[in-house]
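Each of the two complexes below includes chain A, the first together with chain B, the second together with chain C.
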Partner chain A sequence: MKLLPLVLRGIIRNPIRAGLTLAGVAVAVFLFTGVISLERGMSRMLGISAGENVLVVAEKYQGCPVQSKLPAAHGDAIAELPAVAAVTRTLFVMSACSRATDLVAVHGIEPGNYRDFRDLRISDAEYAAFSGEKGAAIVGAVVAQRYGWQVGQAVTLQELGGISFTIRGIFEAPGNSLENAILVDLEYLQLATSQPGVVTLLLVQPKEDAEAGALAAEIDALFDASRAPSKTSPEHAFIASAVSGITGLVDFSRWLGFASLGLIVVGVGNSMSMSIRDRTREIALLKIAGFRRAQVLRVILAEAVASALIGGLLGAWLAAWAVSRSAFSISVEGYTIVPHVSIELILLSTLLAALMGLVGSYLPARAASRLTVPHALREVD
Partner chain B sequence: MRALLTAGGTGLAVLVAMLMLALARGVLDGIRESGHPLNVLVTSKGAETIEFSSLDRGVYEKLRHSPEIAQEKGNALASPELYFTTMAATGRGNETTQAIVRGVLPVAFEVHDMVRLAEGRLPSAPGEILVGGLVATKLGINATAVKIGESLKFEGNVWRIVGRIEAPGTVFDSEIWGGLDDLMTASRRAEYSSIVLRAADPAAMEEMIFDFETRRDVLAESREESLYYAAYAENFAPIRSMVIVMAAMMVLGGVFIGMNTLFAAVVGRTREIGVLRVTGYRRWHIALGFLVEALPPALLGGAIACLIALGFNGLGLRIPMGAFRFQIDFPLLGFGLFLSLMIALLGSLWPLWRAMRISTIDAIRHL
Partner chain C sequence: MSTTQPTVVEVRDAHKIYQRGGERLDVLQGVSLHVEQGEFLALMGSSGSGKTTLLNIIAGIDFPTSGTVVVNGRDISHFREDQLSAWRTRNIGYIFQSFNLVPVLTAYENVELPLLLLPLNRKRRHEQVMTALDLVGLTDRKDHFPRQLSGGQEQRAAIARALATDPPLVLGDEPTGDLDRVNAESVMHLVAGLCREFGKTFIVVTHDPKVASAATRVLHMDKGVLVAESGLPLAEEVRK
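Now for the complex of A and B:
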């Protein structure tokens, strides 16, 4: 702590150099945080979108979940199994499957028990108005904001064969892919899209004492010999498999993010080696004043770490701001991934910046601490 | 040491920027180049992508005799196709991953002429398939698992690989191709996904599209195949924008490092500047001297980045609609070197301006 004034003086001694170093660190951390926010958004979407303990029944072999087609009657057969607590049926209508952005998705749901499976933040009055009217819809906050929709507005989606509905409520489901969806009554959507009796997915809530794996096998065995065999899996695994197409991009981006942190090692290392060269006289004086090697090393390392911490915090905060302001999202197989920067990610990015600063400055700092007084003074005019 | 660190910073910035640009270019160009300028794609009305399209077999029968369709050895170049995504596992494994399957007739090789049989033979019996060069990447498995003679499991059947197709840089490279009827039976589908027709010439293509759009006996949508893939690629434009912004920021990071180095050089050599000014050198001579000094480390960094980037050439990466291969070609390498030059130049501007503004009196004071 006693060395703090010395450290601060070192940083502000050369404002241009300090500014450029901070800016370099901030850019690298901005990139790292931005890239990792995509991966964090994916984990968050998986964690929130997948109902705890919920099983998903989809058409066997279907690679694109939203294209799964099962008879609605499968739901009745599943509901009769002793280990099943509840079943709800959904029909997804989308214009594309592997499309990356700006996807319009309509989900037909059974309003009666859908909220037992999904945590929707909406007033009971709005939900009741939606439940009581066949042509009504509740829309996710993200979709409503994107298109400027209001409650009471009548909407026709030209992209989806002219499906029409009246908005009776806007719901929030933070982090859940549903915020990008429009929810309408299942039967209404089946009729509007000429798919009577067809559903996309069945969501199954097992009884508390039921073993999910055994129940999944029991459900699939029910339909194995039918014209529409099913594949039942825990919802988390189901969504993870559906969005697996994007994992290659996410993994690659993560490596680029780590590579961008390398800029901090080089930038801070470069800056510190220049700073030490300019301060050979000061280092000599510190040694004459009785500073030991370890103390000189600590002063220089502390200066580098402080620069990296300030630049890192700035870059991470800017990335959090940019991510929160941008409307960027990636939709994969009907699930939307929105980049997410948490406080934890800001702290991680800042700490990694400090660590990279420490690594980058270690060699120049060690060389400076080993300078002998006669040698250091010889270097000085 | 300082020059090495500057070279390292520039190299790192250039390498990341190059890989990001290769990613954006590979994904978008791969999709765009999948369409042939003379092909007409017919899908069902309202289907934005072929996987959402289903066409009655009768549509094919009605369209295949159109006079505008090009002929090859007396056969019309009209290819009915089935396209779907499925969950596939290797012959020995049980873990399934998403695969893209296209059911075709032999005419598909004439219509999609960028696709060629690189190895093996065409399917001649039920249960035989061809795999694209990037199928292993798409499935996230070892390339040896999709060699000729191996098998894949999907749609409840075991499929034997009898050939390997190649269509570098297009979406077909990550697809599994099989016999049209065989795959329709296995996947219990009664309708085609799309029909691809090769027009005899551009005028015939326009006529064909007009005719199909106005016919009352065909309820389908027809468009230029190249426009379909261009529109499909456009869906990924936000990803491209994000990647370009990030590449630009990486370059900016490199500029800051270069600028820092040159500032130190200018400030540390005020005395030298004084000597030069006194001996008659002009301001711009001095600026030029520093600039020449800034270029070699940056170019060295750029050259190292290019060498490392070459290591990524041909590497496959899984993406939502298939897979793509990094293509590190001469234009990209040239661009990498150009970026390193730009980093050096942009990083020099401010320090050089400062160097030029040092007055002779100030400089002499340091003597």
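Now for the complex of A and C:
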């Protein structure tokens, strides 16, 4: 610990060298955090379901769930099945607010029982105000923050044929992408989009003693001979299948993230190599003063790790700031992936940066610690 | 030369051989040397005579190929590198010709450097640093960085660092080589005075007869061997 001030002075009093190292690490960590935030956003979206047993009923033979069209009356028929505890109907439409990548989902819902399926954090008063007014909406916290919307504000979405609503509440839905959605009354959305009696999906809550697989088969059998046959599946599987097209892209972006961590190893290693070459005399002075190999090694490693730690924290914080300020999202089959940077991801990015700094600086630091004084002095003279 | 003082440095038949490519360099060829406490010894000789190598071996920053080096009663010729490092902190103060200070540290922090390796609390370290800076008259410059100090002041700071751990032996490799005459004399008088006052032993490598004139004994080296030894009479001759 007594050597810590020596380490910090080495960083602070070499502002150009330290600044360039920090900047390099910060850029790499910014990239890493940015791409991993996309993966985290996808995980949050996959956590949308309120329960493990919730079933999703969609139109059969429809590859794209958002294009699914089922008669709303299917919900009534499903509700009469003895193994069903509850059914709620939803209609999805997507709206691009300012550009193609700036997407929000508008969900038509049945306010009466929707909260049995989704964990919405909103005051009862606001939810009651929303439930009692056809032209009302509640909006996710992410959407509200992104567009600066307030409770009481009237909004018109030109992309959706001029549908208007008044915001009666702002909700949080920790752990899923509903925070990037606008919820309006189902019938109101059906009328506004000229789709009366049509829903996109039906969410079914089986009774506790019911077997979900058997119930899914029973539901599909019910409509098999109808003009709108259904395909029922557990919600987790349904969402995973819906977004499978983008999974490869997210996986690839993860590798890009890890590659950017590799840049830290190379960057810090290069920076420390050059630094040590410039400071050969300084290292000789430390050794003459009595610094042992291990102490020289620790001083140099600590300097590299501290630089990487500070740069990493800066990069991760910048990524969090950029993600929170950006309207970027990816919509897949009616589900919206919103990049998400949590405190945990910031800490992970920072710690990984420090680890990469340690790895990158080890060989130069080891070489410096093994430098003999006569050799160091000859190199300088 | 008095023989009543304890022996601080005893070098016996030291050889140092370097292999450069296929070439063998016999830098030291059987040097034996005896230095007593409180002596101010000047090592003179032409470039390549082996005087700096001898100094480095006494300091424990280089190893003899053969022979024995005893400093303060301990045979250091077989110490491992880390043992030498720890030993050096308490036993040796070393002053170079130039670039003696770490550029990103203030004069105070440079002097504090070896003290960081000793089990001293902050208050005790501060006292020792201030004492050392006071001895060389640099307390008012303690917060200056090396680039803000003159050459003479830099060497004074280096002397303060060399003395900070209160080592019995102080070594200098051309410590006044980069200084003008006035500063060189000032620095040498300072070192000589401090060694006299505190009973330190001082060995200095120099080309400068003026520096050697301040010494109590002068040894001449040539081609890796000691070729002549002079006491004060030689110094008197040089002064004339």
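Methods note: the second predicted complex is superposed on the first by the 262 of 381 C-alpha atoms of A that agree within 3 Å, B and C clash if a C-alpha of one lies under 4 Å from a C-alpha of the other, contacts with A are read in each partner's own complex, and residues count from 1 in each chain.
Keep this in mind: a contact is a pair of C-beta atoms (placed from the backbone, for glycine too) under 8 Å apart; a residue touches a chain by one contact, two chains touch by 3 or more.
In this text the structure is predicted, and so the values were computed from the model without any measurement.
Of the two partner chains, chain C is the only one that A:295 touches; chain B does not reach it.
Taking chain A as the reference chain, the count of touched residues is higher for B when chain B and chain C are set side by side.
When the two complexes are overlaid on their common chain A, residue A:230 makes contact with neither chain B nor chain C. Legend: residue contacts after superposition of the two complexes on their common chain; A:286 is shown touching chain C, with no touch to chain B. In the superposition on chain A, contact is made by A:13 with chain C only, not with chain B.
In the superposed model, A:62 lies in contact with chain B only, and not with chain C.
In the superposition on chain A, contact is made by A:34 with chain B only, not with chain C. Once the two complexes are laid over each other on the shared chain, residue contacts for A:205 go to neither chain B nor chain C. By the touch criterion stated above, chain A contacts chain C in their complex at residues 2-3, 6, 9-10, 13-14, 281-282, 285-295, 372-374, 377, 380. Against chain A, the residues of chain C that register as touching in their complex are 53, 56, 59, 61-62, 81-82, 85-90, 92, 94, 96, 99-105, 109, 113-114, 116-117, 161. Residues 1-2, 5-6, 8-9, 12-13, 15-16, 19-20, 23, 46, 48-49, 51-52, 84-87, 96-100, 137, 140, 154-156, 187-188, 232, 235-239, 242, 246, 249-250, 252-254, 256-257, 259-261, 263-264, 267-268, 317-321, 323 of chain B are the ones that touch chain A when the two sit in their complex. Chain A contributes residues 16-17, 20-21, 23-24, 27-28, 30-31, 34-35, 60-64, 67, 94-102, 159-161, 227, 229, 231, 241, 244-249, 252, 256, 259-260, 262-263, 266-267, 269-271, 273-274, 277-278, 328, 330, 332-333 to its touches with chain B in the complex.
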